[in-house]
Amino acid sequence: MKKLINAPENVVQEMLAGMVMAHPEYVRKLEGYQCLVNAQAPVAGKVGLVSGGGSGHEPAHAGFIGRGMLDAACVGNVFSSPTPDHFLEAAKAVDSGAGVLMVIKNYSGDLMNSQMAEEMAEFEGVKVTRVIVDDDVAVKNSTYTTGRRGIAGTVFVHKIAGAKAAQGASLDEVKAVAEKTVANVRSMGMALSPCIVPIAGKANFSLAEDEMEIGMGIHGEPGITRSKIAPADEIVSALMEKILDDIPFVAGDEVAVMVNGLGATPLMELYIVNRKVAEICAARGISIYRTFVGEYMTALEMAGASISVLRLDPELKALLDAPADAIAFKQC
Amino acid sequence: MKKLINAPENVVQEMLAGMVMAHPEYVRKLEGYQCLVNAQAPVAGKVGLVSGGGSGHEPAHAGFIGRGMLDAACVGNVFSSPTPDHFLEAAKAVDSGAGVLMVIKNYSGDLMNSQMAEEMAEFEGVKVTRVIVDDDVAVKNSTYTTGRRGIAGTVFVHKIAGAKAAQGASLDEVKAVAEKTVANVRSMGMALSPCIVPIAGKANFSLAEDEMEIGMGIHGEPGITRSKIAPADEIVSALMEKILDDIPFVAGDEVAVMVNGLGATPLMELYIVNRKVAEICAARGISIYRTFVGEYMTALEMAGASISVLRLDPELKALLDAPADAIAFKQC
Amino acid sequence: MEQLTSQDFQCLIAGFAANVIARRDELNELDGKLGDADFGTSIAGGCNALQALLPELVGLAPGMVLGKSGMTLVKSMGGASGPLFGTIFMRAGKELGNQTEAGVAELARMFNASLEGVKTLGKSDVGDKTLIDALAPAAQALSAAAARGATLAEALADACAAAGQGVEATKAMIANRGRAHYVGERGIGHQDAGATAIHLLFKVFADYAA
Amino acid sequence: MEQLTSQDFQCLIAGFAANVIARRDELNELDGKLGDADFGTSIAGGCNALQALLPELVGLAPGMVLGKSGMTLVKSMGGASGPLFGTIFMRAGKELGNQTEAGVAELARMFNASLEGVKTLGKSDVGDKTLIDALAPAAQALSAAAARGATLAEALADACAAAGQGVEATKAMIANRGRAHYVGERGIGHQDAGATAIHLLFKVFADYAA
């Protein structure tokens, strides 16, 4: 394992310290908890927006703390949900009395820990509710299973719910627009190489020198198919077909696109991916309103990318366009 | 070679196409040239700011096109300087009559190609001048050699010269503040793993599973020492000693810090690096005015990081603080 | 021994913690076949916290011993297994209430309460290839043992054997819950890590009472 | 043959291009020992552009044939070697001016002009472990040949041999210019890639005139 770290068991604490040192104007640490809180929070009258999950997905989620986005993020160990007390303390720290919305990715661990936190918050007199993001079409949805995973589409939920909350909307209104976003966003990813969880010290799966995995999750969970590596255009076509056919997206739709790097894949390649994404949308008569290319929801140093497509309506467009000033998501 | 690309010989063209498709409100392509130009350029009365160099360093340099930063960027093949005609056309495209400053990193190729462009521009009636960035203290400076390399400190030059130009300063004034920035910025990097130039198809150097190289350049040029991998804090101490002792930076100095990822290194590790950088500055009585952590000047998928420190004065502080709205560098 | 006292539960918790910590890598590897290879790290972390908690448990009623242990697991583990294992101990402790001892009948009630708690929280049931597939047969074995008036040693041996068979049974299942469900059919042949830890828990109980 | 005509220069350029393209990987490997392993790719790219240019060169004066070739290299290569190799051809062509032929005396003048151009642009000199260490001895050999009235074949054979020795000599040098200077002493023992290409250029000339 080659990493710029000290002791593997300290990576999360040291990362959080480094973040606060880098961005004191954006975040402060919640003493005793693996939580970063907006330096300005709580904002009087504003609904608090909290996200969280395992670490290793940076800049998600703490990098999205800032004006017009998140008020707090709880950070579990690498790829492992934080415990309920962290969620609870984060919610308490950002509640101004208007209530708190937690944006949770759909994994058993995140679901259960945040649910416990929600129940605990009730006792503490904080109104907390949750929205569950499940945008990954690689996994079949079904009421009999945990359902689809939450991946990079979550960032759209942060942006849009964050903008709504910044406008002074009520908890119900913020939750409603977050749910609308979830209902309209679909994503899928693929990986070229694994990543190494520091404390494990070795790769969490292996791929041969000429192999890739389509549908790979952001923790290295298996995807749909493992196959010989193909040209970028072919890979993008395969992902886009799954994504667009899911809602489905149809001619005339206006969408936002996010091409997200999983960690080791250079920006050069993400733009090559975006070129094909744009071509496919054009060919299908889907018009792209905004495009985001970069690293938003990573899996440590995994090589690969995900594509997210969000169907827009006038409300979502306006909220997506609203200014934001988060550590790793700025819109002037 | 595992990459999300199509034909290796098309990576630059396809990347540029993908960038324009993603960010039409920021950039347009200069027909027939590997150049992206600010969609708003030329701005009447404003000095044009052009940068460029080999590709593979994304977001540098085209990602820094935008209000308050660059007006154009020329993109050579991977790790290879663009030819003079690209620099020339970029300069012509952004000149409003106020002249053009080219920000060039100190490599033989970039120097010579941009010099030729400067001479050609004279014939075409465009006032072009250059500033050469050589911030990498890994390489000894000497008038008998090409001198120090230009690396991530270049981004500070873009930001500060860009802000100055946006204020309507003259070509001489913009050049002067760019040179002041160069005089006050020092950087150094290290690598944990090599990268693969697509057209070469194999790594440009190799490091054993327990080796790192201190002082590695952003094209995989050799550094100062190859040694067993060490804890992050030790590595950072070694880099910071070289950097801070160079000008030297002394107690009472106010600085800006950039912790720059070379490609594959996760943001988590960059923040762990920043934690130690901040500690060292504090211990030396150097106060950090602003910190930037992320990928600014990469080397494809190389694992590693560089640290840049810029000594500030009131003018540089004000220009660093000025708003910017570039594709990959936004300050609200 | 027919009744477990507070001190017994403290010993059992210490034993469970030590056993789990020793098998950390093995549990990670099992999770690696179906999920994200962190279950061993996660539950070993929880067990370290349990070890640190032990001094605070001295003198508490058995229900509180279990309840506090559960809360400690919830707070220290994270992941999917944190709330679930925490719930197992918390519900068992709650079920016992203020009683000062637990015999076969109590244990049967306690672990059936644990089972209900896990099912509700995890929205899962028998056959989903989770720890429930070890916990449910163990709880059932305890109920059966209580009904026929078995000794504590017999009851816990039965529960342990049932849990072991449950672990075996998970090999043939396709997961619906947790990260394991992403592997779908590719998971056939591999046993569930959470179920394996439940078997370990009952093995510690059985060995203690034997 | 004692004088090189426009057609000869066209053949020489075609020959140089074909040889370089064939040795692309070899040149990359040499650059890889000292620099960034792209010199072969870069100059082969320039030579592809030269091949495409050939039809346009028909009927041009020798000076223009060289000048246009140089400009094509500058526009197509990039890197450090683009301006330098471009300059070599451009300066040689400029030195020849409107003359319709070039003999030994002209070639000596031409390549000495190239040398001066490279030194000025590259801010470099003999001993810096660059292409100059092949170009300078070759130009000197041509001057000596011209002074003693040697034949074209002899003169170019001398130039080629001198360039070859120059390449050998770069092995012992420590680079001061270009990317090779970053390797410093670690570069000892490796020959310079740019110098190797210069040797190739003179080999093409020598073989043609032999």
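Letters A, B, C and D name the chains as they come in the text, with residue numbers starting at 1 for each one.
Note that a residue touches a chain if its C-beta (ideal position, glycine included) is under 8 Å from a C-beta of that chain, and two chains touch if they have at least 3 such contacts.
A quick map from chain label to UniProt name: A, B = phosphoenolpyruvate--glycerone phosphotransferase; C, D = Dihydroxyacetone kinase, C-terminal domain.
The model shown is predicted, which means the values in this text are computed figures rather than measured ones.
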| item | value |
| --- | --- |
| Required minimum of steps from chain B to chain D, each step between chains that touch | 1 |
| Far-end chain from chain A, centres as C-alpha averages | D |
| Where chain A and chain C are represented by their mean Cα positions, the distance between them in whole Å | 32 |
| Centre-of-Cα separation between chain D and chain C, whole angstrom | 78 |
| Whole-Å gap separating chain A and chain B, where each centre is the average of the chain's CA atoms | 29 |
| Chain centre separation (chain B, chain C; CA means) in Å | 55 |
| Touch-based graph of the chains, sorted into line, ring, star, complete or other | line |
| Pairs of chains, among all present, that meet the touch criterion | A-B, A-C, B-D |
| Touch list for chain C against partner chain A, complex | 28, 32, 35-38, 41-42, 45, 74-84, 121-122, 176-179, 181-183, 186 |
| Contact footprint of chain D on chain B as seen in their complex | 54, 76-85, 107-109, 112-113, 115-116, 139, 144-146, 149, 197, 199-200, 204, 217, 219-222 |
| Contact footprint of chain B on chain A as seen in their complex | 2-7, 11, 14-19, 21-23, 55-56, 58-59, 63, 67, 192-193, 209-210, 212, 229, 231-233, 235, 259, 263-275, 278, 288, 291-295, 298, 300-301, 303-305, 323, 325, 328, 330-332 |
